[in-house]
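The next block holds one structure in the form of structure tokens; read it before the comments.
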Amino acid sequence: MHNGTRIKISNVSFYYGNLKVLSNISMDIYKNQVTAIIGPSGCGKSTFIRLLNRMNDLITKSKLEGSIYLDNKDIYKAKEDVVAIRRLVGMVFQKPNPFPKSIYENVAYGLEVNNIKDKAFIEHRVIESLRKAALWNEVKDRLHDSALKLSGGQQQRLCIARCLAVDPEVILFDEPCASLDPVSTKKIEELILELKSDYTIVIVTHNMQQAARVSDFTAFLYLGELVEFGHTEKIFTVPKNKKTEEYLTGKFG
Amino acid sequence: MRIKETIYKWIFTIFAFASLLFLVGIVVVLFKEGLPIFKHVKLVAFLFGKSWYPTYEPAEYGILPLIMGSVWVTVGAVLVSVPLGVGSALYLDELASYKQKAILKPIIEILASIPSIVFGFFGMVIVAPLIQRIFKLPVGLCALTASIILGVMAIPTICSLAEDALSYVPRSFREASFALGANRWQTLTKVVVPAAGSGVSTSIILGVSRIVGETMTVLMVSGGAAMIPVSFFQPVRPMTATIAAEMGEAAMGSAHYHALFAIGLILFLVTLVFNIIAELISRRFRIKLGLNR
Amino acid sequence: MKKDNIQNLGFLVLFLCIVITLFFLGTIIFFVVVRGAKVISLSFLFEAPRRAMTEGGVAPAIIGTFYLTLGAIIFALPLGVACAIYLCEYSPKSFVVNIIRMSINNLAGVPSVVFGLFGLAVFVKFFNFGVSILSGSLTLGILVLPSIISASQEALLAVPRSIREASLSLGASSWQTIKKIVIPTALPGILTGVILSIGRIAGETAPIMFTAATFYIKKYPSSIFSEVMVLPYHIYALMTEGTHPDKQTAIAYGCALILLILVLFVSALAIVIRQRQRSYHHA
């Protein structure tokens, strides 16, 4: 069913100050599969996904217990370079957040900050990434226009292209369709399914149908705890846990 | 890569603390150079002494006339600038059409940057002779002239800040009042002004703080006599003008020099109090209107 | 009916307020422009004063104002922006930082003559720079430091967190994020603050009275340790010293007009930039 573990989360708890927001979570994220994290708002799913590329490092007074391994390396070990980890683990955010720069510069940015100077290579990579993100045809004539002029859905695909350009191995999607219309949402979902063959994908969503449509594995988080984790069709058809069943049938959420 | 990061962080830390050092330095210097005056004269005698004769023999360092000079001029200027400044702000916020406001607001902001020396100069060549003629005074340079000039000077500052405060009042407040049958004037006086009240008072306090600390204008138009005024038609010598006029002649390290620094210290403390009050009120204002910043 | 009468009266009063305000300020500008324009000529702008300030131009004062303003900005701009970057980007949001922020806000309201005292005690006397361009520039620099810091801070805080996170998530270091994303985005805001400061420095008189300015000097400044003639101080000196008040007043009008044009132009520029920036953010 899957070909190996990419990220191993082992007994992870996370605190904001004294508030425990994630409690003793252990699970595996498999290579070239889409793993969805679902749960009611405030259950800690965004906090959880942001642990995987150390985005929560920005929050002062936070504390992590347990370990997260990326290809058997503990990413929270002091000697690991956070910049290198973020290069391997890309992220697409809830709200499209293009830089106030041109479309081209947005995609090229990740290469630039990684000290790639070869102009021809950068151009090639920008075009390739925009193609992969299914945006190329819409923007090929205006690569040097401001990214802020694009529609919301286009901006989000631009952010995906920007993320692809640095050639990550894992991509984290933090509710990527939260602010998009149904048509744009459908495009992004199709994209995720296409990207699966080249990348390992984790997606946070509050939309259960979305999880069912795009993911191979699903984790259900509730009040900071991992209630159930397994194959998506199993979770959605024969949930083992009563809480999961209640959530999926809309009893709360 | 990491080393570079650390170096940059340190550079910024050093810069930040260097600027702080300068700012803290001001306080230190004022105390260090100001306090020695109290070897020559007691604090009470300094603050409440009625004669300021720093170059006489023996010298007298009573700054009450200077304080009273500042007080008279400030009160006079407030009487001019607050009604006109707040009134103009109310006009801009309530009555001006969108187009009028789009033109007038920037103009008032630009006028706020006219240098004080230009006001002082204008006061000296135009206003003072006019005041002298109208009130048949021996000289036109007096507390009244200084008040008018300072007051006019502070109007743009007060108007611009007060208008900002008024524009933060949510439209829903107004609509609620109109819905109850109030007319625009009632809505303005009973809903908008009370809601923006603390924001408007902040603008007034900051305007007053600017008036108290203003130097060149009063130096040029207040007349310069160090006596306790009994009317607006008398010449006065506010604290700022005293420092500016006498620092050039005071010998470094002399009692006079320290006395001028002590006046600077008092000015510093007074404006500090004004600013802290303004900050506290404006913080409450933001909370009251639910503005988070 | 009575209710409406009160309203009409109230509105009339407010209308009068703005009319009086604009009348006063307009009168000042009118007099300075009309009388100043009479004396301004090419030789007034490009020649040195002659005959004990009663004839000739004010070129040395214009140049002096330029040097002092330039010096102050060279000093305050990097320091102020770096300080703001440290406060917004590097320092944790702690109690100490709040104290620092508050003290910067408060220092922005300290009277300019007090900064003059500081400059006198520290730069002129303690460091022994004397009454010079250097002392004056440093004093003016410190005077505008708080406003540059707060303007820069405001501009930096307005940069959305989301695009910082985007940059970091692509493997940019925090310095790269600041340099390539945060500063360029905040630049118009920082610029507005700096330009407003330039306007303020150019018109300041009190802080340079005992740190840089002199009434009359024959030579153009030759080094940063020279005393200088400066426009605002020159106006003051023309009005309070010298022996030919009539001729000197005319020259003072000319200086006031030059200063007014300079300062109003600069602040209009800043306000236009800010207005544009606002409409950009709202779009």
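Labels for the chains are A, B and C, by order of writing; each one numbers its residues from 1.
Note that in this section a residue touches a chain if its C-beta (ideal position, glycine included) is under 8 Å from a C-beta of that chain, and two chains touch if they have at least 3 such contacts.
If you're wondering where the values come from, they're calculated on a predicted model, not measured in any experiment.
Relative to the centroid of all protein Cα atoms, the closest per-chain Cα centroid is that of C. Comparing mean CA positions across the assembly, the chain most remote from subunit C is A.
With centres set at the average Cα position, the gap from subunit A to subunit C is 48 Å. Note: centroid distance subunit B to subunit C, computed from Cα atoms, is 17 Å. Averaged C-alpha coordinates put the centre of subunit A at 54 Å from the centre of subunit B. Shown for subunit B are the residues in touch with two or more other chains, namely 1.
Residue positions 83 of subunit A are each in touch with at least two other chains. Subunit C has residues 173 in contact with two or more other chains. Residues of subunit C touching subunit B in their complex: 3-4, 6-7, 10-11, 13-18, 20-22, 24-25, 28-29, 31-32, 78-80, 82-83, 85-87, 89-91, 100, 102-118, 120-122, 125, 142, 145-146, 149, 173-175, 196, 199-200, 202-206, 209-210, 232-233, 235-236, 239-240, 249, 252-253, 256, 259-260, 263-264, 266-268, 271-272, 275.
Contact residues on subunit C toward subunit A in their complex (touch as defined above): 92-93, 160, 162-163, 165-173, 176, 180-181, 184-185.
Contact residues on subunit A toward subunit C in their complex (touch as defined above): 53, 55, 58, 60, 83-84, 86-87, 90-91, 93, 95, 97-101, 109-110, 112-114, 159, 162-163, 166.
Here subunit B touches subunit C in the complex through residues 1, 4-5, 8-9, 11-13, 15-16, 18-20, 22-26, 29-30, 32-33, 83-88, 90-92, 94-96, 104, 106-122, 124-126, 152, 155-156, 159, 183-186, 188-189, 206, 209-210, 212-216, 219-220, 240, 243-244, 247-248, 252, 260-261, 264, 267-268, 271-272, 274-276, 279, going by the rule given at the top.
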